[in-house]
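Pasting the structures in now, so scroll down.
Look for subunit A in each of the two complexes below; its partner is subunit B in the first and subunit C in the second.
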Partner chain A sequence: MEQQLTVWAFYTFSALAVLSAFGVVFFKNIIYAVLSLISTLIMVSGLFFAMGAELIGGLQILIYAVAIVVFYVLVISTVPEFKGNSVDPAYMLVSLPIGFILFLELAYVSIYGAWQSNVGLFTNEVVKEVGNIKAVSTLLFTKYLFPFEVASLILLVAMIGAIVIGRKSHVIDEEEAK
Partner chain B sequence: MIPYEYYVALSGLLMVLGLVGIIVRRNLIAMLLSTELMLNAVNIAFVAFDMKVGDVSGQVFVFFILTIAAAEAAVGLGLIMAIYRLKKDVNTNTITELKL
Partner chain C sequence: MELLGVIVGISIKALIFIIGMFLGAAYLTWIERKFAGHIQQRPGPLHVGYHGLLQPIADALKVLTKEDLVPDGVDKFLFYLASLMAFVPAIMILAVVPFGEGFNLFGFEIKPYITDLNIALILALAFGSISIYGVIFAGWASNSKYPMIGGLRKAAVLIGYEVALGFAMVGPVMQAGSFSLKEIVEAQSSYWFIIPNILGFVVILFAILAETGRTPFDVQEAEAELVSGYNTEYTAMKFGLFPLAEWYVATFVLSAITVILFFGGWQPFPLLGWLPIPSIVWFFIKVFALFMFFLWVHWTLPRYRVDQITELAWKIMLPLALANIFIVALWVIVIG
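== the complex of A and B ==
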């Protein structure tokens, strides 16, 4: 029963994710594209739950579908409606064969690539015993503690940079000072 | 149980869609949206290989990707705001200052 549920979840979520991804790429109105992106993100989060990665699935909704999309909506509300063509036909012709070749290459490498199938520390039995969230956070705060701290520093720098770049007054102040 | 190849194929499809979006769209904000699509494809691949190998390191990396995606969105949208203030447009065909 549970296996059957996983199969159905995979097909439903992946079909909806791909459909919404087409919407992100091809909707002319940018608001529709952002709404399709939210749909894609929630479907990908559902796929994470189906794969047994509960922590990442929850964070996907909390960080991506809420925080990052709100950035986009705020910026879209300040930039007026886009006038030009949404899709360039010449580039469309170029991109389709390139995309197809890239897809074949990705599929070939990931399926027929030489896999050293080493088994990690957290096998299925261990994860089943301690739970996915505990397993991920144990690894995050022991082996990957330094990258975790660096990531927090990057967020701080990005926040300061975004404020400095997006600030309105300092451009005008320099003009007036001259 | 779904084999992990299906998840990897889905990840490749989303990756290609994101790339096509970056190539064909002329709106800067839409191009940034397509990069989010590509980041998500990478996340799916990480978790799928985790499922195959029986580890959780990939999920830790997905956590880092989420962090960097937030930073990237903040800086990218700040740049778009600055470009819009300068040019009154977000069309990539009009941003040609570096062209000879």
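== the complex of A and C ==
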């Protein structure tokens, strides 16, 4: 019966995630689109919980649904009454094939992942034994240490780039220019 | 069938927690008003019942029966949703906070917590930060200048202090080797984690004051500048949910988490372990001491400016939290 419950949770969360993903695309009012985005991310976190990956589920809410989307909301809500214009349908000719390629890539990764998940040290039984956090951190700080550090370096570079692009020239410089 | 029993049990427990928190929050308002009154040398609520004891009930009746105005220009759906989005996540944190050890009552084992997840701390942080949307959406949906500014100020404050809060919580987690709040308490049986974590505790005090919008940091509803901030357009119970969520439920729950992380949760005070006091009472003594501390700060200090608050968050609190992680790492390596 517990199995049954997990299956039901999986289908409920998936259906709601897909529904709210449609909302992100089709809502004309941009605040509602962001609201559906938050809903999608929380439903995906629910999917993680249903599959037994609590750590990823918790981090999904904390990082994606809050830390990242809050900046979207911040930017959007400083532009009140912005309803968004529809784009020229001709762009569909480009966006459809690219979207399809992205879909294929994601499908490949998830099928490959399902195939590979039972290979390696951390099988389902081991993860149940040691817990999610230990399993993730063990892999993160041994096998994937280098990619992990490279990812943080890329983020640092992106952050510095954003600051450089976004900064105004200093007040003193403006006075000198006069 | 066993599963059905578990579900029914958890539902009943959750209901007890929610109703308890509602009634508790109502009486926390009485405590706050009484305490604030005595700090400022006035009696506080006095006439409804003995020393104003029935005042929260009168207030609740007033708030529930008031006319529920919705201004014309607002986005109705978001306007209603926002007050719930502020309140529901705050009360959801209760699901992962343990209030004491399991004990036996009439032959049943009663556990004073809803779940004991091994990522409880992360979930508590996540739920706590979702309520930020309530404030921002309230500001946006009101379609009015003061709420808008209030909501944006709150967002700026929260983004800064959420980071510092998260980093400050790392210290006790490193010492206990677990994210489970229950295991963190159990790891403190020999000494409390306040000892090497004193910097982290200071950061958390500031972060909780900022997160719950209490006075040195209450720029989002600075009365002198913004009328009432993000909840200017709200009336009746929709209005009541905001302070209930921020000032009472969130402050109480975050105090509970701080006690669990730094002051040994339901472990008795040092040298007083022989007293016949149950663990849950120890826990509430500590939580109320901390809660009163926040009230004391709230009713004593004046308000910071917005730029001072964000500067404090990024230039002082974040480095302090990182220094705390460094110190605790050394402590764990040297002492164990």
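Definition applied: the second predicted complex is superposed on the first by the 127 of 178 C-alpha atoms of A that agree within 3 Å, B and C clash if a C-alpha of one lies under 4 Å from a C-alpha of the other, contacts with A are read in each partner's own complex, and residues count from 1 in each chain.
In the analysis below, contacts are C-beta pairs under 8 Å (C-beta built on N, C-alpha and C of every residue); 3 or more make two chains touch, one makes a residue touch a chain.
Source: prediction; values computed, not measured.
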item: Partner chain in contact with A:Asn132 - subunit B first, subunit C second, else both or neither; value: both
item: Subunit B versus subunit C as contact partner of A:Leu59, first or second or both or neither; value: both
item: Comparing the two partners subunit B and subunit C, which touches a greater set of residues in subunit A; value: B
item: Subunit B versus subunit C as contact partner of A:Ile38, first or second or both or neither; value: second
item: Partner chain in contact with A:Val73 - subunit B first, subunit C second, else both or neither; value: second
item: First, second, both or neither for A:Ala162, with subunit B first and subunit C second; value: first
item: First (subunit B), second (subunit C), both or neither touched by A:Thr142; value: neither
item: Shared contact residues on subunit A - subunit B and subunit C; value: 55, 59, 67, 71, 74, 78, 132
item: Touch list for subunit A against partner subunit C, complex; value: 1-2, 5, 31, 35, 38, 54-55, 58-59, 61-62, 65-67, 70-71, 73-74, 77-78, 80, 131-133
item: Of subunit A, residues touching subunit B in the complex; value: 3, 6-7, 10, 14, 17-18, 21-22, 24-25, 30, 33-34, 37, 40-41, 44, 47-48, 50-53, 55-56, 59-60, 63-64, 67-68, 71-72, 74-76, 78-79, 82-88, 91-92, 94-96, 98-100, 102-103, 106-107, 110-111, 117-124, 127, 132, 135-136, 139-140, 144, 147-148, 151-152, 154-155, 157-159, 161-163, 165-166, 168, 171
item: List of subunit C residues in touch with subunit A within their complex; value: 1, 3-4, 75, 78, 117-119, 122-123, 125-127, 129-130, 132-133, 136-137, 139-140, 143, 148, 151-152, 155-156, 158-159, 162, 178-179
item: Interface residues, subunit B side, partner subunit A - complex; value: 1-2, 5-21, 23-27, 29-30, 32-34, 36-37, 40, 43-45, 47-48, 50-57, 59-60, 62-64, 66-75, 77-82, 84-85, 89-91, 93
